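Same chain, two partners: subunit A is paired with subunit B first, then with subunit C.
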Partner chain A sequence: MLQLDEVHTYYGDSHVLQGVNLEVARGSVVALLGQNGMGKTTTIHSIIGFTPPARGKIIFKGINISGLPPSSIALMGMALVPQGRRIFRSLTVRENLILGYRKTKTDKTAYDLERVYELFPSLKLRSANRGEQLSGGEQQMLAIGRALLTNPDFILMDEPFEGLAPGISKELRQKVLELKKSGMSILLVEQNIEAALQLADYVYIMSKGKIVHGGSAAQLQGEKDIIKRFILL
Partner chain B sequence: MTPCTSSRLLRLVVILILLVLPFVLSSYGLSIFTKVLIFGILAMSLDILIGYTGLVSFNHASFLGISAYTVGILAVHGINNFWLTLPAGIIAALLLAMVLGLLVLRSSDAYFLMITLAFGQMLYALAWRWRSLTGGDDGLAGIPRPEIGLPISMNDYHNFYYLVLIFFGLSFYALSKFIRSSLGRSIIGVRESESRMQALGYNTWALKYLAYIVAAGFAGLAGVLFVYFNGFISPEDLSWSLSGMIMLMVIIGGAGTLIGPVIGVGVIFILQNFISAYTERWPLFIGIIFVICVMYARNGIVGYLLKLEAKRRRCNESPGSKEHL
Partner chain C sequence: MEVAQFIIQILNGLSYGLLLFLLAAGLSLIFGLMGIINLAHGSYYMLGAYLGLTIMKTSANFILALVGAATLVALLGLIMERVFFRGLYKQELDQVLLTFGFIYIFMDLAKYLWGGTPRSLPTPPLLEGSLEIFGAAFPVYRLALIVSGLAVALLLRLFLEKTRTGMIIRAGVDDKEMVTALAINIKLYFSIIFALGAFLAAFGGVMGGPVIGAYPGLDFEILVLALAVVVVGGLGTLRGAFWGSILVGFIDTFSKALFPSFSMLTIYIAMALILILKPSGLLGRMELS
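Presenting the complex of A and B:
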């Protein structure tokens, strides 16, 4: 589904991604773990096209998308759940969702407003409320719902459980698990190792702009020193 | 009374007041109100850019000016049928926006403001220099009121007021529909976060270009009405000071509320006329109002009133909350 091959990205003179290689297979959830400032969000931004890489290839569905504008990449079937629950604050829940809606699929796996409301019933109750009136958890549901309504084949999620109350975080993780079961391919950026191990099939660990470890979630659980060195402070 | 019925009632009262104004006001008072409505269309159109799209444009007078000059030049050549000059003025503004949009929308934020200012001043200089067409700094004078193809004379200031009122009403209706449409919501999305809209698959440049053209079209309509109202057009009507004044009206009234800019126009024009009867230094008072707005009502007059209303509603919903305070 997605493959990064020696991706180098700069912010001005600063060499942030220094040859990132990773792969997300169709229907799998891959987690990208690492401490703050290691280049996780830049990786996501390079994939969606916000910060195009200076070198390297990003292959999505067999096409090199490196350097394409974000809107073209999104139209190819990629969706982004941005960090920090970035919803449209002055628009209502319904308007936020409709903005994302793209009818690209016609089978029963396709998402429409009703299906998103089924997945997140509290959004239906709050449909006339403005984005800024929602709780943190509801805003995150809205960000995920909006991404789903673009009917993507692949979702980039940037720390979706960050700053949420434990109960809400658990509920949302369950929803992501449901998405995984439905066959959605997801690249999940996380700082929380527990969430990553619960959801992901495969885990990459990033440090100082490079992938320093790649292995199955089960494998990583046994590697205490890697966890200690690169994830836990 | 529900908020919905009270707002409907308020709308009805406002419409009734606007309809009976010619019977109440003197010709001078009515001319001020006619001007408020014309500039109201202009301010609403600028609000589409500033308040809804997040584009702080500093050459909005250019669209009013090019449309007014088009109508003025046609009038000088004896063409004064409103149904010909109206589309001609609007098309001139639309064409200008289509060309300028390609150039100015490459930049954003302060650079966008600066480049629009630069193009606005270029058009001002062009009107000043191209004497054979525009009359240079003398402008085009003696533009008669239009013929509308009905046995109603537009020289009668009551009739002209109603003509302007009809176009104001249509503009307000069309612009509110536009804002509520999915296209309007997408434009608000661009204001809130362009990158987020791109990540949803939107061509945000095209959305901004479209908003720029729509805004210019309505500014063009205001230009047609303005030149017939004024009977005169000069390079001053293309200048940065007029663009700045309209921007001030939008901000004081409340950007992003549509009705706010119209109230901003009303407050400034009425105060200008009232204060200038006593002193020539009326811009000083407008400046003070602007400072007060910036300090206490950053979302403008209407934004401030909406905030108060929301607060009142919250208090009503939770009567116990006062006790906690």
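Presenting the complex of A and C:
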């Protein structure tokens, strides 16, 4: 589905991504783990096209998308659940959801407004409220629902459980697990190794702009303590 | 001030404020969506007034002058956006210099085409004459200014609130990068809002023509007032532009009546006070940085 090959990204002079290689197979959930400031969000932004890489290839569905504008990349079936949620605060919940709605699939797996309201009933109750009036948990549901309504084949999720109360965080992890079971391909950025191991098939660990370790969830389960001590601290 | 005089001044302030709104709405929305302060916005107003004059002279049709001048200036705005601003997003200093340069180009062009003497647009015959309000005379045309200003405000609001294009523009003011991640080509909407802003400014130029006229320097004068409006009302929202315009219209009208030699100073004082007390403007979302 997605493959990054020696991706280098800069902010002005600062060389943030220093040759990132990673792969997300169709239908799998891959986690990208790393501490604050290691380049996880920059990786996500390089993929969606917000910060186009200076060098390297990003192959999505067999096409090199590096350098394409975000709208073209999204049109190819990629969606973003960004860090900090980035809800359109002056739009209503309903408007936030329908803004990017695209009916690309016709089968039962396609998302429409009703289906997203079924997935997140509290959004239906709040449909006329403006984005800025929602709680953190509701905003996160909205960010996920907004992404689903573009009917993507691949979703980038950047720390979707960040700053949420434990109850709501658990509920959302369950929803992501359901998405995974439905066959969605996801690249999930996490700081928490437990969440990553619970959801992902494969885990990459990022440090200072490079992938320093990678392995299947089962494999990393065994190395958990070493990883916590030496890489994530 | 007598009651009648007071009411007349209120109506004057309202008509002037609504005229300013036609300008400030575009200025504010363009900034909100694209981050550009288009200093040539006052020039759109002036060019609208002059073009309206010319069309009026050849056709003697006020509606045609209104729509024709506004459409021509909208085209001009569209070309400016496509050709000159496309490459300059996020480069604020270059943008300001560019828009400043356009002010001088349009100023010289207007002098060349229409000369240096102040001109005035004829009042449409249907709207000539005046009404009596508590014994004082109030021109019918000014009432028409109020009505049409309110109508445009309402239409703009419906456009922004009820249409898909309006929804995308509002979302873009909130977070335009995120809009692109939803497979929406935001640049198309940059063009739409730029053309719309230019259209409204020129529309205002023609509407204001019978009262204010057209003369060299009008572009600067009206630009300063429109900038005052967006400072007072706040950038990026229609509501801010609306109430800011009404407030500046009142301040300008009343200070001209009460202390004529300090009227501009009063507006600057109001601007400074608001910037100190609430840097994002009364109803704005963004701080001027």
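The rule we apply is simple: the second predicted complex is superposed on the first by the 226 of 233 C-alpha atoms of A that agree within 3 Å, B and C clash if a C-alpha of one lies under 4 Å from a C-alpha of the other, contacts with A are read in each partner's own complex, and residues count from 1 in each chain.
One rule holds for everything that comes next: contacts are C-beta pairs under 8 Å (C-beta built on N, C-alpha and C of every residue); 3 or more make two chains touch, one makes a residue touch a chain.
Just so you know, these numbers come straight off a predicted model, no measurement behind them.
K.L.:
Consider subunit A as the common anchor and indicate whether subunit B and subunit C clash or fit when overlaid.
P.N.:
In the superposition, subunit B runs into subunit C.
K.L.:
Check the residue A:P82 against both partner chains and state whether it touches subunit B (first), subunit C (second), both, or neither.
P.N.:
Both: A:P82 reaches subunit B and subunit C.
K.L.:
Figure out whether A:L164 sits in contact with subunit B (first) or subunit C (second), or with both, or with neither.
P.N.:
Neither partner.
K.L.:
Tell me which stretch of subunit B runs into subunit C once the two are superposed: 3-11, 129-137 or 309-317.
P.N.:
Residues of subunit B that run into subunit C: 129-137.
K.L.:
Which residues would you name on subunit A as touching subunit B in one complex and subunit C in the other?
P.N.:
Of subunit A, residues 48-50, 69-71, 74-75, 79-80, 82, 86, 88-91, 95, 99-100, 102, 146, 150 contact subunit B in one complex and subunit C in the other.
K.L.:
Provide the residue numbers of subunit A that touch subunit C in the complex, in ascending order.
P.N.:
So the residues of subunit A touching subunit C come out as 48-50, 69-72, 74-75, 79-80, 82, 86, 88-91, 95-96, 99-100, 102, 131, 146, 150.
K.L.:
Could you please specify the touching residues of subunit B with respect to subunit A in the complex?
P.N.:
182, 185-186, 188-189, 192-193, 195-204
K.L.:
Given the complex with subunit B, which residues does subunit A contribute to the contact?
P.N.:
Answer in residue numbers: 48-50, 69-71, 74-75, 79-80, 82, 86, 88-91, 95, 98-100, 102, 146, 150.
K.L.:
Taking the touch rule as given, give the residues of subunit C at its contact with subunit A in the complex, in rising order.
P.N.:
167-168, 170-171, 173-175, 177-186, 285
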